[in-house]
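Labels for the chains are A, B, C and D, by order of writing; each one numbers its residues from 1.
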Amino acid sequence: MDITIRPKGQLDLLSQHEISLLEGSNNNSVSALFRQCALAVLSCGSAHDDGHALLEQHKNFEINVSRSSRGVTLELTNAPAEAFVEGKLIRGIEEHLLAVLRDIVYIQHQVPIWERNGQSASDVVFNILRNARALKPRKKPNLVVCWGGHAITNNEYNYTKEVGYFLGLRKIDICTGCGTGAMKGPMKGATIAHGKQRQNQGRYIGITEPGIIASEAPNAIVNELIILPDIEKRLEAFVRLGHGIIVFPGGVGTCEEILYILGILMHPANKDVIVPLILTGPKEAANYFTALDTFIKSTLGDEASCLYTIIIDDPVTVARTMSAGLLQVQQSRQKQEDAYHYNWLLNVEPDFQIPFEPNHANMRALNLSKDQPKEKLAADLRRAFSGIVAGNVKADYVYLIKEKGLYQLQGDADIMEKLDALLNDFIEQKRMKISGEYSPCYELVD
Amino acid sequence: MDITIRPKGQLDLLSQHEISLLEGSNNNSVSALFRQCALAVLSCGSAHDDGHALLEQHKNFEINVSRSSRGVTLELTNAPAEAFVEGKLIRGIEEHLLAVLRDIVYIQHQVPIWERNGQSASDVVFNILRNARALKPRKKPNLVVCWGGHAITNNEYNYTKEVGYFLGLRKIDICTGCGTGAMKGPMKGATIAHGKQRQNQGRYIGITEPGIIASEAPNAIVNELIILPDIEKRLEAFVRLGHGIIVFPGGVGTCEEILYILGILMHPANKDVIVPLILTGPKEAANYFTALDTFIKSTLGDEASCLYTIIIDDPVTVARTMSAGLLQVQQSRQKQEDAYHYNWLLNVEPDFQIPFEPNHANMRALNLSKDQPKEKLAADLRRAFSGIVAGNVKADYVYLIKEKGLYQLQGDADIMEKLDALLNDFIEQKRMKISGEYSPCYELVD
Amino acid sequence: MDITIRPKGQLDLLSQHEISLLEGSNNNSVSALFRQCALAVLSCGSAHDDGHALLEQHKNFEINVSRSSRGVTLELTNAPAEAFVEGKLIRGIEEHLLAVLRDIVYIQHQVPIWERNGQSASDVVFNILRNARALKPRKKPNLVVCWGGHAITNNEYNYTKEVGYFLGLRKIDICTGCGTGAMKGPMKGATIAHGKQRQNQGRYIGITEPGIIASEAPNAIVNELIILPDIEKRLEAFVRLGHGIIVFPGGVGTCEEILYILGILMHPANKDVIVPLILTGPKEAANYFTALDTFIKSTLGDEASCLYTIIIDDPVTVARTMSAGLLQVQQSRQKQEDAYHYNWLLNVEPDFQIPFEPNHANMRALNLSKDQPKEKLAADLRRAFSGIVAGNVKADYVYLIKEKGLYQLQGDADIMEKLDALLNDFIEQKRMKISGEYSPCYELVD
Amino acid sequence: MDITIRPKGQLDLLSQHEISLLEGSNNNSVSALFRQCALAVLSCGSAHDDGHALLEQHKNFEINVSRSSRGVTLELTNAPAEAFVEGKLIRGIEEHLLAVLRDIVYIQHQVPIWERNGQSASDVVFNILRNARALKPRKKPNLVVCWGGHAITNNEYNYTKEVGYFLGLRKIDICTGCGTGAMKGPMKGATIAHGKQRQNQGRYIGITEPGIIASEAPNAIVNELIILPDIEKRLEAFVRLGHGIIVFPGGVGTCEEILYILGILMHPANKDVIVPLILTGPKEAANYFTALDTFIKSTLGDEASCLYTIIIDDPVTVARTMSAGLLQVQQSRQKQEDAYHYNWLLNVEPDFQIPFEPNHANMRALNLSKDQPKEKLAADLRRAFSGIVAGNVKADYVYLIKEKGLYQLQGDADIMEKLDALLNDFIEQKRMKISGEYSPCYELVD
C-alpha cells in the first residue's frame, strides 16, 4: 500500500527552518531508525519481538518526509496492508506514525539545543512530554504506570486485564511500556470499564524508546504514544508523569524497572515523596513475587522492600489500594505545592539519568557488591538487567554478543548467587522471550 | 446499597404537571414494571434469562420517584451491590436506569396523548426515539442493526465480535436488542475498532421492550438504551432507525425479526426502499442458515429470499458488503429526499404494527396457510414466533402455559412440517434458552 | 429577495404529524400572524412602532411552510433586502425567523393539548420556555430582566447601556422585551463587557408576544427570542425565568410591568420569595421616578414601595446592588430547594394569568378603587395600563378606538387624579410613542 | 489593588529551566520594560499616548514573577483600580497581561536561541505567532489588517466602525495595531456584526511592539494580543499573518505602514503574490488620500499606486471588494500551495527586516533620492517615517531630541518638497498626537 499523509496537530505548523530539518532527515542517520520505528508501528497487529525479522519481511517499505509550502507530508511506499481499511490508514496507526515522526525526527533536533542552553535531563524529559501534549495541568492524579512482561501466560494476561478493569471503574488512566502482554492487558480492561463509566477521554499512554519499539510495537489501544530518546529518559518519564506504579510478573525488563524506582525512592532526598507501588499477579505468580522479594531484601534490604506492597490474586484490592494511594499523592502534592502533571520534587541522581551503554567492558565494570550505598548498588543492578534486556532482544547487541561472546557479570558471591537463581527462574518460566528457545546472553563470573 | 439519583439530561427539566405524573407512578400499575426493569438494569453484570428468579433474589429492592421543587429524584433501597463502585453507581448503569424512568414512566403518559391527537404508530415510535435523543439529523447512514440469539455458542459469539470489529473499523455504529450473545458481541468488537479509529463518539444503541428487558438486560456497552412500549414498536424502531441489518444465528426471536423485515420489504409499496440485509455466521452455523433459507423459500418464496445475502465465515466481506450497502442507502435517501435519521418512506402495514397478544385463542387463530398474500403469511408467521418467544421466557406467558397447556398452532401441512423441522433444530442446537432443559410451549395441530 | 430555509435545532426533527400541522398553517388563521411577525423580524434594522406601515411597505412579501420528506422548509418571497448579506440571510435574523415559526406556528398546536391534559398556565409557560431551550438547569442565578420604554431620550438610552456594561462586567445576562430603547441598551452594554470578560456565551433573551412583536421588532443582539402567546404569559415568563428586575424610565407599558410584579410580590404567599427590584435612570429621570413612586405609594401603599429600590444616576451601584441581590436569590433558592431555572415557588394568582381583552366594556368594568385588597387593585391597574398600551400601538385596538371612541376608565377620585397626572406626564415627556403626535386612547370618567 | 495571578494556557506548563529564566527577569533589563507594558495593559480604559505620564501616575505599581513548584505566579502591587471588578481582574485584561509576560519575558529568551540555530527573521516571526497560538492551520483566509491613526476625527472613527461592521457581516476577522482610533473602530463594528452572524469565535488581533504599547495600549476588544520584539518584526507579522489590508486615515505611523507594504509588493519576486490593499475614509478624508496618492505617485511611481484601490465614503463597497479579494487570495494560495495561515511566499528583503535605530546619524544618513531602485527608496522613506513616529511618541527618542536637537532629513529637492507638504498636512489635520500642541521632531535640510 502507498499513501501520503499530512501531519495534523503537533507538526501542523512548522517554520521553514523546521521543515528543512525534517526534510534533511531523509538522508541522515536518523533515517534508518525512523524507517524501522515506522514499520513497527504499521505492523502493530502482529505480536513479535524480533525487529530484524520484520525488516526482512518488508524490505521494500519506504517512508519519506517531503516539503510542501504548507508544511511537510509523509510518503509511504509498500506499507503493510494490515494497517489500512478500504485504502485508508487506520486513524490510531496514523497517530502512532506521526508520534514517531515527532519524537524520532523532530525532537532529535531539539534535544541538543535544549542541552546546549543549560536544560537538565529532567527538563528535557519534561519538554518532550509537553511537546507530545502529555502534560495536563491541574488534572487530578489518576495515571497509573503498569509494568510487567510481554511474554506472560494467558492466565497472567487475563489478570492484568481484570486489574485494568477495576482501575478503569475508578476512572484511573493507564500508562505502560506500550507493547503486548502486561503492557496491553490493563489498557484493554480499562477501556471497557471507562466505557461503562462513560469516560470517553480515557488515556492509554505508551512510553517507549527507539531501541525497544520494534520489539514491543505499540498496541492499538495506546492513544498517546511517546518515544523518549533513551532508556533512562523513558524510565524518568514513567516516574515523573505517573502517579502510582503497579508491577505485574515479567522478566529482566521488569526487574530493571523495579530496581530503577527502588533505587530512586531509597535516596534520602525522596523520603517525603509518595509513590504508591504495588506488585501483583494471579495465584500462579505468587512464587515469582516471593523470589523477587527475597532477592530485593537480600541485596537492597528491608528499607527497599518496605517501599512496595505485594498483593496476590485480588484485582479489587489492588484497585482500591491504588485509588487510596492516588488520593495521598494528591494531598501530598498540594501540601508540597508540586504540580500534578510532573513530579518535579522527585530527586533522580545522575546514576539513573546518564545513558548506560551495555558493551562488554561496561557490563564487566558494574559494581555488584554491597560495599557501597544501597542506592548505588540498585543503580548498578538496574544497569545489569538493562544490559541483559539489550542482549536478549535489541538487534545491535544480539549481534555484538554473537561476535564477542557473553557479557560477564561479577560481584559479591552472595549477590551473584541470588541473581543467578532469579535469572534461572525467568528462563524456566519462559519470561525471557515471546517465542523460541532462550539462550542466555551473559555469564556470572568471579 | 441505598442511593438517591437526580436525573440529568432528558428528565432534568420537568414541569410541575410532569413531576406529579412521575410521582404518581409510585402507586399505580406502572410501578411494578418500573421496579422490575430497574432491577434488570442494575443486575446487568450477570447473564440470565429469568426475570422471576431475579425478582426473587432481590425481594427487598425498592425504587421510588420523589419530588423536590427542582424536579424529581430516584430513591433506591437495597440495590444490587455489583452496580456500584466505591459507593457510587456506575455511570453507564445510572444512564440505563434513567432511560427506564424516561421510557417506562414518563413516556407512558405521553403515548395516549399522542394517540388521542391523531398521531400514527410511526409518529409515536418517532416521538419516543426523538425524546431519547436517538435521532441525529444529517448524520450519514452508518447504523447497522444486529439481530441474533442470546443463547449462542462461544464460537458464534466470537464471530459476532469479529464482524463488529470490521464494521467498527469502517466507522459503523451498532444497534441491537441489547442483551447478551449476538446482541453484545458486535458492540464489543466495534468498541475496540472505534478506539483504533479514534471514534470516541461510537454509538451502541440497545432497543428493547418492557416484556423482554428482564430476560435480556442491557449489556454494559450499550450507551443509548431505548425501551419501546411493545414488541411491534420495538421492531419498527429497528427498521426505521437502522440503515442496514445483519442477522446472526439465533432462535425463535431471531426468526420473528427476519419474518418481520421480510414481510415488510415484500410489500409492493417498498419495492424502491433499500435495506441491506445480510445473514451471517461462522462455518458451524452454515447448516443453520441453510435450514432457515429453505424454510423461507418454501413458505414465502424466492421473492423473499432474494432480499437477503447469506455470507458464511467471512467477517471482512460482511463488513465490506454492508459498507457498500450503506452508501447505496445514502444515495437512495438523497434521491428520494428522505431523512437519514428515520426511514419515513418505508411502508409498514397495520398487520405489523398492531400489538399481538399471544394468548391461546390468538395463537390458535393464526392463519399459517399459503392461501393468502405472502406478506400476510409473513405477518402471521412473525406472530407465531413472537408467541413462542413469550411462552419461552416472558413470565406472564410462561405462567399462562403452565395453567392452560401448550399453544396450538395450525396451518398448511407443508408449512407446519417445515416449521416443525426448524423448531426442532433450534431445540437440538440449544438456541431456545441460555441454561437449563427446554420444554416446548407449543404444539403443532391439524 | 427570495430564499429557502431549512430549520436547524428545535424544528429539525419533526414527525409526519407535526409536519402536516405546520404545513396546514399556510392556510389557516395563524398564517396572517406568522407572516406579520416574520416580516417584523426581517425588518429589525429599522426603528418603528407601526406594524401596519410595515405591512403596507412589503405588500408582496410572502412566507410559506412546505414539506419535504426530511422535514419542513420555509420559503420566503420578496423579503426585505436589509436582512441579507451577499444573498444570505443574516444568521441572527434566521434564528429569529425560526423562533417565530417555533412559537407562533408550532407551539400554537401544543398549547391546547397541554391545557386539555390538565397543565396549568405556569406549566404552559414552562413548556414554552423549555421548548425554546431557554431553561438551563443548575446554572447559577444571573439573569436580570430589564424593563423600560422604547421611546426614551438619547441620554436615557446611554444610561441603560452603561448599566448593561456594569452588569456584563459582573457576568450577568440580560433579558428584555426585545425592542429598541431600554430593551436594547442594556444588551449592547453587556455585549461589550462580556467581550472584555471573555464570556462568549452571554445570553441576550428577548421575550415578546405576537401583538407586540410588530411594534417592537427584536433587536439584532437578542440571541434567544421567545414569543409567548399572550401578554400575561409573557409577563409570567419574565418573572419566573429572570432572577432580578431593573426598571428604566418608560411609558404605560413599563407601568404595566411594575404593577404586575408589585401585585404578585404583595400577595401574602410570596412574602418569602426574593426578587431584587431596582428602579433607575439618569439624573434627568429623577422626577419620573418620584412621580411613579408617589403614584404607587398613594395607590398601593408603603407595602408596595418597600419592594423596590430607586437608584438615580449610578450604574455601578445598580450593578453591585443587583449582583448582591442575585446572591441572595441563589441562597434562598438553595434553602427552599427551588430550581434556579424557573421560579416555581412564586405564587401567581389567576388575576394575573387570565388574558385580559381590552375591549371597551372590559376597560370600563375595571375596579380602580381602594375598596379591595391591594393586590386586586394592582391587578386592575395593570389591566388599565395594558389596555392603554393596546390602544396606543396594537393595530386591532387602534382601529377599535377609531370606531368606538376612547376607552373609559373610572374609579376612586383620588386614584383617578393620580393616574391622570401620571399619564399626562408620560405624554409631556413623549414616552407614549417613538414618533409622531400622541393623542390619548382613553378618558377618565366618573 | 494587589493580586496574584497564575498563568493559564501558554505559560501553564513550564520546565524548571524556564521558570528560572522568568524568575530571573525580575532583576534584569527586561524588568523595566515588562513593568511598563504591564502597566499600559492594566490602564487600557483611558485614552492616552504618553507612557511617561502613566508611569508617573503609578509610581508605586509593582509586578513580580515568582516561582512555585507548579509553575510561576505574577504578583501585582498597587495596580490601577479600573482593571478590576469586585476585586477580580477583568478577564480580557488578565489575558493581555499574560501576553505581555509571554512575549516580553518568555520570548526574549527564545529569540537568541532561535537565531543562534540558524532561523531567519521570518522564522522568528513565525515562531512568535505560533507560540501565541495565532496561526490557525487550514482556516480560510479571512483576516483583514486595518491600519490608520489613533488620532482621528469622530467622524472618521465612526467610518472605521461602519467598515468593520460590514466586514464582520461577511465573517471577516480584524487585525490592527491594537490602539484606539482606527485600530479600535473596525473591531467594534465587527464585534456587533459577528454577534448578528452568531460568530462567537470572532478574532480581534492586536499586533504591537514594546516601544509602542505604552502609547497605544491594547483596547479592550482585542482578544489576541501579540507583542513582537521590534517594529520590523511587527510589520512582517502584519503582512504574513493578514490576508488583506485596509488603510484608514492616519499620520506618520500609517505612512510608515503603507510604504512598508508598497516597498515589499514592488519587489519583482512578489509580482505573483496577491495582497488586496484598500485605502478608504469618509468624504472629509478624500483630500487626505489625494495628497497621499500624489506623494506616492511622485516618489515611487505608478507601479506603486496601481497596487492599491482608493474608495471614498462607501463602507459596503470596501467590504465587498475586500471579500472578493480574500477569495482571490485563497485561490492563489491553493494554486501556489502556500499555507493560509502564514504568507511564506511573500519575499521580504533584509532592508525591511533589519531593525532601524532612529538616532540622529541614521536619520541623517537616509537616502531619500530617486537615484536608486524604487523599493530601496520605499525602504528609506519607511525608515524616515518610522523615525518621526519615534521622535513624536517614544519616550527615549523624545528625550534624545530634547537633548540633541531635531532629526535632519535630506534628499532630492523634489522628494523633500513633497514630504514637507505631506507632513505639514498631518500637523494641520492634527494627526500627529492625540492631545496637546505638536512641535515637529525633524527638519528637512539640503
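FYI, a contact is a pair of C-beta atoms (placed from the backbone, for glycine too) under 8 Å apart; a residue touches a chain by one contact, two chains touch by 3 or more.
Small disclaimer: the values here were computed from a predicted structure and weren't measured.
With centres defined as mean CA coordinates, subunit B is found 45 Å away from subunit A. Subunit A and subunit D have CA centres that are 48 Å apart.
Residue positions of subunit C in touch with at least two other chains are not found. Chain-to-chain contact here is organised cyclically: the chains close a single ring, every chain touching exactly two others.
All chain pairs in contact, by the document's touch criterion: A-B, A-D, B-C, C-D. By the touch criterion given at the top, residues 85-86, 90-93, 95, 169-170, 191-192, 195-201, 220-221, 223, 320, 323 of subunit B touch subunit A in their complex. Contact residues on subunit B toward subunit C in their complex (touch as defined above): 8, 12-13, 15-17, 68-71, 113, 117-120, 122-123, 126-127, 130, 135, 137, 336-339, 341, 344-345.
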